[in-house]
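Chain naming follows the written order as A, B, C and D, and within any one chain the residues start at number 1.
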């Protein structure tokens, strides 16, 4: 019933646009919509390149199925090697030379910060950026920039709330990556703990991505006597940390950030038996989680991978992420109808109403408005039982 | 029959031609000297013979053509080179340097015997056998260079300025040993020397080279008597 | 300077001045970056090419220069043009100081020390105690300068000319320095340091000075780069920047002033070209380009051009040639 | 006190990682007098080959041996095909070729295998040995293997004519030719052996840090520092250097200056040591006579 009403609503929204005159900005025509993107396809951060590649595959599928309102999506993606100066260069190329209608899923907090001002000065949408910093939800000052995923700080809040509810005597140890992403999480947790943060957090240790292991940090954290471990790490270090904590006999309650929840590429390397009891949040379906083996959406995704992205790794959550965010964009473009201007793209992106991507967890819907530039604002806690993640509690809204 | 025959040997460094068709021969068992001023092409001749520089012309060793062959292969025929600058492996020990001289030989027992014999010639090297060769004095390094060449059990030794930078007494000792090696072990030697007097004392025959060509040839005694040689190279 | 080189230089400047009016703003921005890299590469070349001290960490000086500019503009409100000499001065001092202990290090050991500097720099920039100025992991966003005096130029064009002016000044300075006594001393130290000492060249002073001057050039480039990109962050100055600079001087041509420009063109445009060729493995293509350049021009583009022009001369005056060559 | 001991043990475990790659660097340096910046990526690439073989169903030890052979051939092939043409180019041009190899291998591996983390099996048991929890059996075993390689390397260079010839060829190729050493093949052999040692390092490191194309990226600097601080021409020194760097870094991070600056400070200390002892702690002092 609900789905029907959503469909009806979007039909209503779309109808006037179809009737109206076609309006184009640079990068669009009757046959094409040009979309720009930067991703690290080279360098130490190239793991993220999977996102750009899966988005490209998704658009290939859309185009093969006839495009959007008869227009083919022309996805122009450049390598920035995760270096902000190169992002600036590449985005200028996209905007000024390739004349894209907007950039989409540019990846990395520093990279997006580097182009933040430029995009807003140019009034070209910087849509659904691939980073979880809070600053992307600032429509007042930066009306042309919008995030997509739940932001790191609010995820930190969720864990803080859970800790306060379930373990008031917690002694918390934190391991975090020494960059904006790690620090955002830590800030979120501290904010969530409020005045108690000082007394509850007993140890913090950071690591650099260039370090081979985080063993030393885990030993440090263990010796603090903590009984709660907040693990803010990317997949490789997450797996190392989980394994090391288990091996040295440290058995705290473990909170793992959502970046590294993949069963296939984090928990399996760490050891499934060593991962029992981990708590995290989720918002999209992990394709390597047995729970979704027969899920129609995941099955559909698998077929997509086979047909359009055979080089991609089906154990890689980034491929699911890319698929989901691309699906969100397609909805925005559908809503735009024939009015393909910078302004309308931004307006439609800011008027997603209860939009549901079937690869997101059940109950998580996307809502945006002109004051709310945070598309996904709900997550659900889950615990690992040795075989698969088990959701518990309700979908938690992270809206402030 | 000559052990070494050289016909029309030409060589150049890049664009600079150094040898302009050199002809000479070396009798088996003899010591032959190449004389000449600085830059006449003596060192280049030795380098050309063992394939270190590219050449044109014909070089026969024991009747077989060796021009154009790789240095390593020429060495394997029994041609040992005592290069200018001594070619010491500075970071290796004295004994390791000597063992390298015998690198191509498979007869272990004979190599061990040769090592002893070399130490017999140069007792100083035995004292310094475990020492890093770079710490040896100039004279000791020259002895090491000669010894390393001997370790090949060579049929022909190419000696490039063995007297260079050595005290006269050391030179005398070294040349006596060279003579002894030549006599006892029938090792032929091609000697390049700037010190013509010294060379002619040791050598059986000699060639005088000027700007890449042989200008005079004969027995050591004949050259010693030659006026031009005396004036220009012997200084009396 | 011979008449011929002067004419060539003027011609080059004339062409460079026309560029921003015939290409798009985006291209102008790219050429600004080329000039920035060229200054940095000239700096590295003074140290590594001319003086033979290998640096695997010059990105660190680039970063210091960039942060100097950004912090001065952001915190102290210093106008952008004044930050460039300030960055140069800071890097001169830092480089000179780094050069002092480096005196005792040669070859591989110096490579390690500089490599370490390059790897550590982003971590230092993130360090808590400095966060107040550096903005920590978030970096600093800076404003783009507009053309002054009502010049009819947009900010990209103005920035290009500003950079071009600085680059010209730096290149002339470098040319003066390297053609004269200082340059000869640097090369003498590189080739025969003991002999140079014997000839009365003060090795230690020259080597540390080379470090300082080299860092100054790279720091000036960093400041200009920061102004052009309008953003600095630790991630902008990873060790790959240092490595890219080294690749730049080798491919441009070691110990060559013009080589800096060729190297800059290479490191600016070849990665983009590689990306155009293959999304799947852009680095692989980039690596192949590097190898091809080294194979075809082992002494760099500048070295290859020099050889070509010499061959041309020889071709024109074959008789004269032989006379010269006789030792 | 316990915390201190645990940090030392954890430091030895990571030090073992540095030591194993440092050995490969020493090997290639002994044989060619170059420090191969692509050594880590070669190790990583061959470890992926091992992964593929095991993925195809081959058991561990046959895979291990087969990988060593493949790595050896790969090393020889790289020397012959890629390095040989720049034999006479300036040293820095060769360095650029190394950098090129590094980026090519990294990129191609990512392309073939994707960047997703892969677990890599260990030949050692899972259960803690002798009740030591702070070093996993694999970490202990890996150190053992590294020491085995070290002894083999030492014996090879010290006592075999081939080892001696390789050192000679690297030090003074001209003289080496004059005693009949085929210098070209020595270099190729050196590359092959270094690649083999690298493969061992990769297969020992991968179970600890997991297999991904950037597995060795961070390790290279540490291994380089370890090799130099121990003495680049001394395999014992390199291994000790590895442990030293690992332990030093952990102690600095845990007790002295915190994790953010531990690498920087460790490097400053290492460079300081090199200032005082320019040939490393255990390296041969090089003499130059004028």
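Note that a contact is a pair of C-beta atoms (placed from the backbone, for glycine too) under 8 Å apart; a residue touches a chain by one contact, two chains touch by 3 or more.
This structure is a prediction, so every number in the text was calculated from the model and none was measured.
A.B. asks: I'd like the most central chain, judged by C-alpha centroids against the all-protein C-alpha centroid.
C.D. replies: D
A.B. asks: Looking only at C-beta pairs that count as contacts, which pair of chains has more of them, B-D or A-C?
C.D. replies: Higher C-beta contact count between the two pairs: A-C.
A.B. asks: Taking each chain's centre as its mean C-alpha position, how far apart are chain B and chain D in Å?
C.D. replies: The answer is 42 Å.
A.B. asks: Measuring centre to centre with CA averages, how many angstrom lie between chain A and chain C?
C.D. replies: Roughly 38 Å separates the two chain centres.
A.B. asks: Please work out the Cα centroid separation of chain A and chain B, and write it as a whole number of Å.
C.D. replies: Going by mean C-alpha positions, chain A sits 76 Å from chain B.
A.B. asks: List the centre-to-centre spacing of chain B and chain C in whole Å, with centres computed as mean CA coordinates.
C.D. replies: It comes to 50 Å between the two C-alpha centres.
A.B. asks: Please set out, as single numbers or ranges, the residues of chain D touching at least two other chains.
C.D. replies: In chain D, residues 103, 107, 110, 221, 260, 263 touch at least two other chains, as defined above.
A.B. asks: Of all the residues in chain A, which ones touch at least 2 other chains?
C.D. replies: Counting only residues that touch two or more other chains, chain A contributes 42, 44, 178, 208, 210, 311.
A.B. asks: Which residues of chain C touch chain A once you look at their complex with the stated criterion?
C.D. replies: Going by the criterion above, the answer is residues 24-27, 29-30, 33, 119, 123, 126, 136-139, 141, 225, 229-231, 233-236, 238, 240-241, 271-272, 275, 279-283, 286.
A.B. asks: Provide the residue numbers of chain C that touch chain D in the complex, in ascending order.
C.D. replies: 48, 54, 101, 104-106, 108-109, 111-113, 115-116, 119-120, 123-124, 126-128, 194, 243, 246-247, 249-251, 254, 280-284, 286-288, 290-291, 294-295, 298-300
A.B. asks: So in the complex, the part of chain D that touches chain A is made up of which residues?
C.D. replies: Its residues touching chain A are 2-3, 6-7, 10-11, 13-14, 17, 103, 107, 110, 114-119, 128, 133-134, 136, 205, 208-210, 212-214, 217-219, 221-222, 249-250, 253-254, 259-260, 263.
A.B. asks: Which bits of chain A are touching chain C when the two form their complex?
C.D. replies: It is residues 41-44, 52-53, 77-79, 81-86, 88-89, 92-93, 95-97, 108-111, 113-114, 116-118, 178-180, 183, 208, 210, 311 of chain A that touch chain C.
A.B. asks: Which of the residues in chain B end up touching chain D in this complex?
C.D. replies: So the residues of chain B in touch with chain D come to 50, 52, 70-72, 75-76, 80-81, 83, 87-92, 96, 99-101, 103-104, 132, 134-135, 138, 148, 152.
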